[in-house]
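What follows is a set of structures to go through.
Across the two complexes that follow, chain A remains constant while its partner is chain B and subsequently chain C.
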Partner chain A sequence: MNTIPITINDKKLDVDPAKTILEVCRENDIEILTMCHLKGIIDIGACRLCLVEIEGINKLLSACTTKVAANMVVKTSTERIKKYQRITAELFFAERNHVCSVCVANGKCELQQLGYKVEMDHIRYPHLFPHCEVDTSHPWYVMDHNRCIMCTRCVRVCNEVEGAHNWDVMNRGHQVRIISDFNTPWGESITCTSCGKCLHACPTGAIWPKAIVQGQLEKKPEIISELMEKRKMKL
Partner chain B sequence: MNRQELQALAGKAKGKHEQFKHKICVCCGASCISSGSEEVLKKLQEEIKTRGLENEVEVIPSGCMGPCNQGPLMKYLPEQTIYQKVDCNNITAIVQSQLIEKKPIEELLLFADSREKPFVNSNEDPFFKRQMKIALKDCGDINPENIEDYLAAGGYRALEKAFFLLSPEEVIAEVKQSRMRGRGGAGYPTGLKWETVYKYVSDQKYVICNGDEGDPGAFMDRSVLEGNPHRVLEGMVIAGYAVGSSKGYAYIRGEYPLAIKRFELAIKQATKLGLLGKNILGSNFSFDIEVRIGAGAFVCGEETALIASIEGKRGTPRPRPPFPAEAGLWGKPTLINNVETFAGIAPIITNGGEWYSETGTPKSAGTKVFALAGKIKYSGLIEVPMGTTLREIVFDIGGGVQNGGDFKAAQTGGPSGGCIPAEHLDVKMDYESLISLGSIMGSGGLIIMDKSSDMVDVARYFMEFCMDESCGKCVPCRVGTKMMHDLLQKICDNKGTQIDLDRLEELAVYVKETSLCGLGASAPNPLLSTLRHFRKEYENRIMNHQ
Partner chain C sequence: MSKKKLGTVWLGGCSGCHMSLLDIDERILEVAKLADIVKSPVVDGKEMPEVDIALVEGAITSDEHYRELLHIRKQAKTLIAFGDCAVMTNVTGMRNYFNLKDVLDTAYVNAISNDKEGKVPDHPSLLKLNEKVLPLQEVVKVDFVIPGCPPDADTIFYVLFEFLNDRLPDLGKAKKLKYG
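Our next item is the complex of A and B:
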């Protein structure tokens, strides 16, 4: 296999040129924070947590969507990047109504983990406290928009892996919401196959199975990645 | 139609116009139509007919002439006499004295109510004298709905020259030599972009014309599309020839029904004459254009969001790289340029790149169309060489601030731009100078503000715009613009504190540096530039609550 030399955080590496910066970092135990990334589905660079500094490029680029190039010099955790990650985390928490203590995902939530990782001891921005619906119309599952961070992992999993395209996005700006079909209750969806992949893809407690209580949610986002690996091998 | 037939048709069209002694243009741009120019046109045609002058005088509906707030406008050629605010009741009098007695009615001439002595030849009026029209040439002099008018004015000659005398490489070389930069706002060198798309090998490439002009107060692209659609079309076909594409899309915002109608008509007419479609002018080059209508999202002016929209997806941007030149529409190499950029192509091909590069400044060549709006005496559409100072635009062309007020600031680049204060009135209007002041050229919106404008409120207004228009995909733009807007609202309500101001500044830099696309990255510009030039107003709000 042809490899190209790149440098990440002063570490010299020889890597596969078809890979993204994020893939290379994950393979080499270089930590990059992500929220909208889920291995196996198409990356969209939306959460902006994986931004990295690349020498010679004056913009910060998202590691999940940027392919490595020969002699690229990447920095993943400068003071500037750390500062921005912390602001992003704070904005996530301030945007909707995240109350960990009563959440099904407490202890297993990727957003909560992010808060710890960026050492978010408090939130400096006023909470927006938007009015958000809780959709319990599905016989097995619940969609709680209060806990949604608009990573759209559910949308992509439903579309790319299950092929159902039950989920989509409506509205613009801070009023965006995940919708089922054309904004009808989830339980009335004519596209949902009730496969449950969105549950596992969701990084927070926004989508969860009924009949569980606080902290009991078991999420396995890795099953999506494994599934896609197996499919790739079959091809 | 082949090359000889095109030349014959152009000659015939020209001859037809030369039969007439006079030509009267009635502006039928969206602005003049809204003040009743269609009735004026009808009445004028009747008047000419009743007087039996129809073989001497040609009456046509034309595109925008420039001074939009004086409409409906009526121009007499070859005298270049413009009458303003024409209504159906004074047409008989104007025709009588202008055409028969050869004595223009002074009190009805353009700017008669504000100039000591209005100019009979409008080209001598400072509003026009300081201008230089390249992209807007013929706009206001020809009937945009008649391809023969465009042919008579030398239209499609550039296309003919490109096809039969130049290779695609030579066309690109001319555009590169012109040093033209993208007129959509970012100012990327046009020739370089063309060359990049040209170099990618692909079975299919696309050319897209970005007509999704969304900046508040901007109407350059609308006027070009309404006033001279064939010019844009010609530019697109030449671009297709140069980069090796056979399919073009014109993405025009739905709020511009007249522009859409006229551009679609232009496509129809050009196709009929064989200037579009298979084997254009008998050559082996084929090119088609399809119009796509925007549904009202500002973010669709961003190139990757626009591409997603054409593909039928939700109009949200995606990270670059890869740039559209490499992987654009349906993953194919795509050339995407603004309306005004395409409008500048034909003159570059006809007169050569060197000719174009002689105008303007060393780094910003050519001319730029601006939409003058706000508290300015003569608002409207102007085109000036790059490097013209803001002072010249505001005071010489625009006649200064309305009602003799004092100039406070000029806002350039719409919600992505910034404010330029009075002490920088002598700034040259080119890409670099505006960036050095914390603003941007943008697409050409130029809003003039007087002392009555509250700069904190101006920043709040533009932030509200960006907050509403953010697509909601990335966190900094989705939540950051909302936070910044709320903080600005708090300061406007005299409830702000110094901490709010610090948070605001921190957020502004964060959103600018981390946003996914240009909308978010430039959304803090109005805030940052007002903070830079009018910080006192923010502090006054916080400290003294006034």
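Our next item is the complex of A and C:
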């Protein structure tokens, strides 16, 4: 295999040029925070948590959507990056309504984990307190827009893995919402196969099964990644 | 080292944070060696006297809370937002997604259990709810926050013990952050 030399956090590595910075970091135990990334589905650079500094480039770039290049010099954990990660985490909490104490995902939520990692003790921005729908029309699952962070993992998993494309995105800015079919109740969807993949892909308490209560949510996003690995191997 | 003064108060919360404070159990003796608890809902109901540390549970929901918090800010050297409601409004803030009139009507006028005469209580001696519930830091300067619903007793003790020994606690570094 052809490899190219790159440097990440002063560590010299020889890597596969087809890989993203994030893939290389994960393979080399270099921690990068991510939210919209889920191994196995296409990266879109939505959450802006995986930002890295690259020598010679002024902007911070998302590691999940930036391919490695020969002699690239990358830094993953500078004060500048940490500052933006903390802001991003706070804005997730300020933008929708996160009441962890009554949430199904409490204690098992990727967004809470993110808050702890960036050492968020409070939110410095005023909460928007938007009015959000809770769609309970599906016989087994609930979609609670209060807790959605618009990572679109559900959209991509439903489209790329299940092939159903029930979910999509409507509006822009703070009015952006995930929609089922053409913005109709999930329970009336003609595309959803009720496979439950979106539920496992979702990093928060936004999509959950009706059979559980506060703090009981068990998600296994890794089953999506494993499934895609197996498909590649044509097993 | 002279003994410090500690005050605790319960605004728009459920008292759960104070229950968790009581859960520090016998470690309250450690606290008592370093501080006098001069005001607390578990002690009495007087106004907040001058204190070194004020633990404030709950969000700001009414004119009364607003006045009380301004008073506490004057009296306290260190004001600590105590629990998720104080830090980010939490359950107390769930009414913020609706307008206040709808919320009150739902409870007092339109509730299925109401008779036809149900009306929103408006006696002058009652507090007036603010349009929006606010976390403490949007009303006064807050010196330290302890998130959690409720915060763990261990975390509460850690924070008190550090402050009482003139050290600044760091929940992030101490791996004691928790929401919910």
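Everything that follows uses one rule, which is that the second predicted complex is superposed on the first by the 234 of 235 C-alpha atoms of A that agree within 3 Å, B and C clash if a C-alpha of one lies under 4 Å from a C-alpha of the other, contacts with A are read in each partner's own complex, and residues count from 1 in each chain.
One rule holds for everything that comes next: a contact is a pair of C-beta atoms (placed from the backbone, for glycine too) under 8 Å apart; a residue touches a chain by one contact, two chains touch by 3 or more.
As the structure is a computational prediction, the values presented were derived from the model and not from experiment.
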{"item": "First (chain B), second (chain C), both or neither touched by A:K234", "value": "neither"}
{"item": "First (chain B), second (chain C), both or neither touched by A:T66", "value": "first"}
{"item": "Of chain C and chain B, partner touching more chain A residues", "value": "B"}
{"item": "Touching partner for A:N171 - first (chain B), second (chain C), both, neither", "value": "first"}
{"item": "Contacts of A:G45 with chain B and chain C, given as first, second, both or neither", "value": "first"}
{"item": "Which of chain B and chain C A:M150 touches, first, second, both or neither", "value": "first"}
{"item": "Chain B versus chain C as contact partner of A:P126, first or second or both or neither", "value": "both"}
{"item": "Chain B versus chain C as contact partner of A:T88, first or second or both or neither", "value": "first"}
{"item": "Chain B versus chain C as contact partner of A:K12, first or second or both or neither", "value": "neither"}
{"item": "Residues of chain A that lie at the interface with chain B and also at the interface with chain C", "value": "124, 126"}
{"item": "Of all residues in chain A, those that touch chain B in their complex", "value": "44-48, 51, 59-62, 65-67, 80, 83-84, 87-88, 91-92, 94-95, 124-126, 128, 150, 152, 168-169, 171-176"}
{"item": "List of chain B residues in touch with chain A within their complex", "value": "297, 299, 314, 318-319, 321, 467-476, 478-483, 486, 503, 506-507, 510, 513-516"}
{"item": "Chain C to chain A touching residues, read off their complex", "value": "81, 84, 87-91, 93-94, 96-98, 132, 135, 137-138, 142, 145, 147, 149, 171-173, 175, 177-180"}
{"item": "Residues of chain A that touch chain C when the two form their complex", "value": "93, 97-103, 106-107, 112, 115-116, 119-124, 126-127, 129-132, 215"}
